[in-house]
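Each of the next two complexes has subunit A plus one more chain, namely subunit B in the first and subunit C in the second.
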Partner chain A sequence: MNTIMTALPEQTDTRPEVDALLSVRNLTIDAGTKPDPIRLVQDFSLDMFPGDRVALVGESGSGKSVTARSIMRLDPDFRLSGSVRFQGQDLLKLSDRQMVRVRGHKIGMVFQDPMGALNPLITIGEQVMEPLRIAGVSRSEAERRAKDVLDELGVVNAAARMKAYPHEFSGGMRQRVVLAMALISNPSLIIADEPTTALDVRVQEQVLTLMDKVSKERGLAVLLITHDLGTVAGFTDRVAVMYSGRKVDEATVDNLFEHPAHPYTQGLLQAVPRIDQTVPRLLTIAGAPPHPAARPAGCAFNPRCPKAFDLCRQEVPELRPAPGGGVVACHHYPEAEAEAEAEAGEEQGA
Partner chain B sequence: MANNSPARQTAVFLVRKAVSSVITLIGLSMFVFLMVKLIPGDEARVAAGENATPAQVEAVRKSLGLDQPFFVQLLQFFGRLLHGDLGTSITTHQSVLQGIEQVMPQTIELVVLAIIIIISVVTPLATLSALRRDGATDVAIKLFVILSAAMPTFWLALLLQYLLGTQIGIVPISGRLSRQFNIPTQTGAVVVDSLLAGNPLAAWDGLQHLIVPAIVLALPFGAQLYRILRAELIQVLSREHLTVARAKGVPQRQLVWRHVLPNSIGPGITLVGIQFGAMTGAAVLVEGVFGLVGVGSYLTNAVAQKDTFAVLGGVLVIGVLVVVSNYVVDVLQLIRDPRLRAGQLG
Partner chain C sequence: MSLLELRDVCKTFHAFGREPVKALRDINLTVEEGTITGLVGESGSGKTTIIKSIMGLEKPTSGTITYDGINIPEAKGDELRRVRREVQFVFQDPTSSLNPRMTVEKLVGEGLLVHKLETDRSRRRARVADLLTMVGLSDRDLDRHPRSFSGGQRQRIAIARALAIGPKLLICDEPVSALDVSVQAQVLNLLQDMQEELGFTVLFIAHDLAVVRQICSRVAVIQSGQIVEEGPSETVLANPTHPYTQALLRAVPNPNPTVARQRAQERLAEEKVA
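This part shows the complex of A and B:
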C-alpha cells in the first residue's frame, strides 16, 4: 500500500491505476425524480486490469446489477456521477453516439435471462452478426466470424443453426448465443450479469466452464455479477461485496473465503452449503436489506449485524484496509492512516 | 421431422384459414338473405313500379321467382352465386355485379388511401409517443389524437371542405376528377386508371380530389391504431432483448427500426385488417359529403328501395373484401413472426 503513489484506499491492488482496463471511481447512481431521488449506489469504486476476473456479489437490491448496467450506461433514466474510466476514457463523459461505439465493441455484456435476451423475430445468425454489421463489416465476413464464434462456443452445426430462430434453441444454447453476441467484436471486457441464474444446474456448469475457457484463451477481463458465492469460488480471482448500494468488502477469493472481513460477508459465507465443511446447521442472515429510499442511519447493515455497536448506528463506515489485504467498510477495523483519511475528507467535501 | 416442418405448418395454417373464410362467407350471405326477407315491404311491388296493377305485380313476382318458398329462393340464390351471378337489380334492371363493379373500385381507392395515410402518420406519432412516454411530446401527441378523433366525421368533412376547398382553395371541393380529363375506365379506380393511361396530371388531380375525404375517413380509425400501437410499443420497449441489443452497440435509430417496430406492429396489423371492412361502410358518409360515388351510396339506395339482390350483392362483396383483408393479415403475421410459422402460437 505504501508504494510511491496513486494507490487509493479503495484499491486492493497495488498495480498503478493508469494501467487499469476499467477504473470506476465514486460511481453514484440516483433514480427517481429530482426533488427526492433514490440513491441506488453510493461512491462505488473498483479497478480491473486486463485479464482480471472480478465478482460483484450481493443480495437482490444491493445495487450490483445497477452498477454493472450503469458502467455500460444502459439505463437512460439513472443519473450517474463519479467516473468510469475504460482504457483511460471516462465513459460518463462520452456522448450517446460515442457510447454506442463502446457498447458491444469494447465491452461485451451477458445477461441473466437468455429466454428474453434474444429478439424472437430475427434469426440467430443475424443477431450474432449485428455488432459487426453495425461496425461496417461485410456480410460474408460477418457470417464467417459469427460461425467461428458459435463454433468456439460449442454450438453444433453452427452454419445451419444461424438460420434458426431463438424459439428453436434451448436455454443453454441461447445463453451461448448471447455470449457469442458479446464476444464477436473481440471486446477486452465482458460484464456478465447473473449469466447462469436462470439456467438449470447442469447447464450452469456448462456455461461457466465455457466462459472460463473462452476468457482464458482470449485473455478477457470478466466482471461477474452474481449472488451465488459458489460460482464466485470457481471462477474469479477477486470479489467485491455490495450491500445496500455500497461496496462493503473487497478481497481476493482465497482471503474472502478463509478470512472474511465484513460481518455481512461472514454471514453470507455461513449461509453457503459447503461440501468440504460440516456444520450443525446452515445459518442465515436474519432480516432483509433495507429499501434504498429508507436506509438506517450509520452502517446500512447495522440492524442485521450481530456485532453492531453504537458507532455503527451513527456513522457510515469508510472503506479501510482489511487484515487480509483487501478493503472493508466496517467500524470494527481501524481506519486507514493519514493518507486515506485525507482522501476520505476530500470525498466528503466534494 | 417432415410432419412438423415450418413450411408444412404454414401450408396447413393457410388452408385452414381459407376454409374458415369460405364458411364465413356462406354464413354471411345466408344471414343477409334472411335480413332482407325480414324487412317489411313487397319486393314484387317495388319491381313492378308504383302504378302496376295487382295482376302485373303477380306476374313480376312469378318472373323473379319471388313466389317460391323461402328455402327454394335461398338455394336458387346460392346456385346463381356459384356461377358468379349476383342477380339483377329489381329497380335498375341492371346486373348487380356490374353495378357494384362500377362503384367498388372507387371506394377501395378511397379506403386504401385512407389506410396509407393512417399508417404513415400514426406509426411515427405512436413511436415518438412511446419513446418519450409521459413527456411533453407524448402528451401533445395524445391531445392531438384525442381531439382529431373526437370531431364528428360529418362536421369535420364540412369544415375541411369549407377551409381547404373554399377559403384556401388548395383542393377541389367535391367530385372525383376535373372535367378537362377524360380517362378510359379500366380498373374503375380513377387514380390507377389515370396512371395506366399514362396521364400523371390526371392521377394528381384525382388524388387531390380524394385526399381530404381520405383524411376525414382516416381520423377516427387512425386514433384507434395510435392507441393500440403506442401501448404495444411501450410494452416492447421494456423487453429485455432491447437492453441486450443496446448493450451490443445497436444505435437508437436501428434499435427502433429493427428491434422495436417489427415486434410491435402485430396487433396493429390485425386492427387495420378489421378496419378495412369497417371503413368501407364508414365511407358512405364521407362519399355523401364530397359527392363521390361508391359502394356506400349503392348500398344505401338498395336498402331504401328493398332491392334484395343489390343489397345481397353489395354486402357480399364487402364481406369478400373483409375476408380477403383478414386473410392478408394472417399471411402478413406469418411473414412477421417465425413462431407463428412454427405453429407455436396457434
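This part shows the complex of A and C:
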C-alpha cells in the first residue's frame, strides 16, 4: 500500500515502469566543494517510453541542462544520487568505460551551439563517423553510413561535403551535422539541449522539422531541453517544467497549455508575447529566480507567487496528481491528493 | 515629424581577393518622433551595419543618415556632441555591455559626467538614485557591481544608463533576446512605460516578431541589406505582402499546441514534396 502511494505521484501515465526506455528516479545533483555543496537539482524523476517526445522546460539556472547532462554523466565534478535507468540498466552504477559505450551510441546528444560542439580542425566526415569508428566499425562502412545519415538530414552532395570543415557550413547546416553525429549509431534516445536557440527563426523551423521527421521515421525518443514554449507546443507530447532545481509541473502538452496547473507555468505562458494576439500590457512574473545557494524556505517559487500563503513559505510542496492529469508541486492542490488517496483506498478495498 | 531618416543608404565592404559585400542596398527608413519603430531581420541581414552607421562607426558608401537635421556621417564638433548626447543605445547582452569593474553609480552616472550635465558628485549620485528607482531598482544598489545582479536587473541598469542623459532617440539592439522568458516581459513593459512617460523615440531591433508586434507601432523588415516591407506593425504582421515577411511569420513558433501541430504537419508535407 505504502509503496503504491509513494510511486503514484511520480507517475504521469499508466504505462508500466518496466517498459520505460529511460526512468529517472530522485536524481539529485550537488556541485561545489564538500563543506557547502550547492544543490543544483533535487529529487528529479521522469519516465520516457520508446518514441516519446518530452520537453524539459525551464529558465536559466532552473537545472534543466544540468539534469540532461547528468543523465549522460557528462560532468565528473557533480555528485549524483538517485537512479537513472536506461533500458533497465542504472547508468549511475556503470563504470566510466561502460558509460562511453552508452554516450553517443545508445543515447545521442545535440547541444545548443553547433560551433562549440564541432572540432574546427577536423573534417565533417571524420566527426560524423567518430562514434562508429570508436565502436570498431571499418572506415569504408563508417563512411557509407555517414553519407547515408547526412543524406537523410538533407545535406546536399553529402559525399563531397564530408571533406569540408565546420567553418564552411552555415549555422543550420552545422546543426544538421551535429544531429548526424547523434544519429549515426542508431540510438533509441536523443537528448537535445536547446538545439535551435542559437539559430535564426527560419533555420530554427528547418532544424525542428527535420528532428520531427527523423524521430517519427525512426521511432526515436527525444528529450528536448528548452526555454521556448513555442517550440515545445508543436514538437512534444509531454512537458516537464523545472524551477530552481525541481520538477514543479508535468502534463501532456495540450493540458499544460490549456490548463497550466502550477502558478509558475501559468505565469510563463502569460509572459510570452504572442504572434497571434496583442495585449495592452504583458503580464509578468515579479522578481527573478533564486540563486541555487540561496533558495527561500518552503516552495522556491513562493516570493514570486501571487497565490502564496503561509504553508508555501514553510514547506516544500511534494509532487501530487494535478486536477487535469499530470503532476504538480504546489500547495494549492491538496484536493487532488485527497481524491487520489480516496481512489487508491477504494481500489484497495475492491 | 521624422527624427531619424536614412535615405538611399548603401554600404559595401571590400575584402582583399574576394567579391565586395553589399551589406546595405538603398536603405530608406524613417523613424517618426515619439514612436517605437521595429527593425526586423535575420543574422547577416544588415541590422548591425545600420546601427553602426547611425552611431557613426561605419561611414555609408553613399546616402544620408539624418538625425534631427544633422547628417551623422559628416557631423563634427558641437553637432556630433549633440548626436552623442541625444542618441543612446541599449545592447543585447548586458553582461558584456556593462563594465564589470564599475559600480552602478559610475555606470549610470558616466554620461552625466561626460556631457557635463551634472558635475557635482553628490547631486549626480542623487540623480542616479532617482533613475534606479525609475527602472525598478533602488538606491541601495548604487555601490554594487554588475556581477551581483541578474540578467534582467543588468538590462535595467543598461536602460537607466541610456536614459540618464535624457536622450531623444533610444536604439535598442535585441534588448530582451538574452533574457529569460519571465524577465523579458518585465523589461519590455519597462521600455514601454518609460517611452510613454518620457516621450522619447525608439528604434527597436529584433528578430522576434511577437515581441515587435507587442511593442512597436511601425515595423520595417530587412533582408540581405534591403528593406522588403515597411508599415504599421498591425498591418504588416497581420497581412504581410512580401514573401520573406510571410516566411518569417510562418516560422514563428506558436505557443498553441493545436495550431503548432498543424503547422508541423504542413511542414512535413512540404518537406516530402520538396
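Observations on the structure shown:
The rule we apply is simple: the second predicted complex is superposed on the first by the 320 of 350 C-alpha atoms of A that agree within 3 Å, B and C clash if a C-alpha of one lies under 4 Å from a C-alpha of the other, contacts with A are read in each partner's own complex, and residues count from 1 in each chain.
To be clear about the criterion, a residue touches a chain if its C-beta (ideal position, glycine included) is under 8 Å from a C-beta of that chain, and two chains touch if they have at least 3 such contacts.
The structure displayed is predicted, hence computed values, not measured ones.
When the two complexes are overlaid on subunit A, subunit B and subunit C sit side by side with no clash. By the document's definition of touching, neither partner reaches A:306: not subunit B, not subunit C.
Once the two complexes are overlaid on the shared chain, A:219 sits clear of subunit B and of subunit C alike.
With both structures placed on the common chain, the touch criterion links A:35 to neither subunit B nor subunit C. Of the two partner chains placed by superposition, only subunit C is touched by A:202; subunit B is not. Which of subunit B and subunit C touches more residues of subunit A is settled by the count: it is C.
Using the contact criterion defined above for the overlaid structures, shared-chain residue A:288 touches subunit C, although it does not reach subunit B.
Within the superposed three-chain model, A:113 lies in touch with subunit B and out of touch with subunit C [touch as defined at top]. In the superposition on chain A, A:275 makes contact with subunit C only, while subunit B stays out of contact range. Once chain A of one complex is fitted onto chain A of the other, the partner contacts of A:334 are absent, as it touches neither subunit B nor subunit C. Aligning both complexes on chain A leaves subunit B and subunit C separated at their closest CA atoms by 7 Å.
Common to the subunit B and subunit C interfaces on subunit A is no residue.
On subunit B, the positions that touch subunit A within their shared complex are 239-241, 243-252, 254, 258-259, 262-263, 336-339, 342, 344.
Taken together, the subunit A residues at the contact with subunit C in this complex read 59-60, 171, 200-202, 204-205, 208-209, 212-213, 216, 227-235, 253-254, 257, 267-269, 271-276, 278-279, 281-286, 288-289.
Against subunit B, in their complex, subunit A makes its touches with residues 69, 72, 74, 96-97, 100-105, 108-109, 111, 113, 116-122, 130-131, 134-135, 165, 167-168, 178, 181-182, 185. Residues of subunit C that touch subunit A in their complex: 42-43, 150-153, 180-186, 188-189, 192, 207-211, 213-214, 234, 237, 247-261, 263-264, 267-268, 271.
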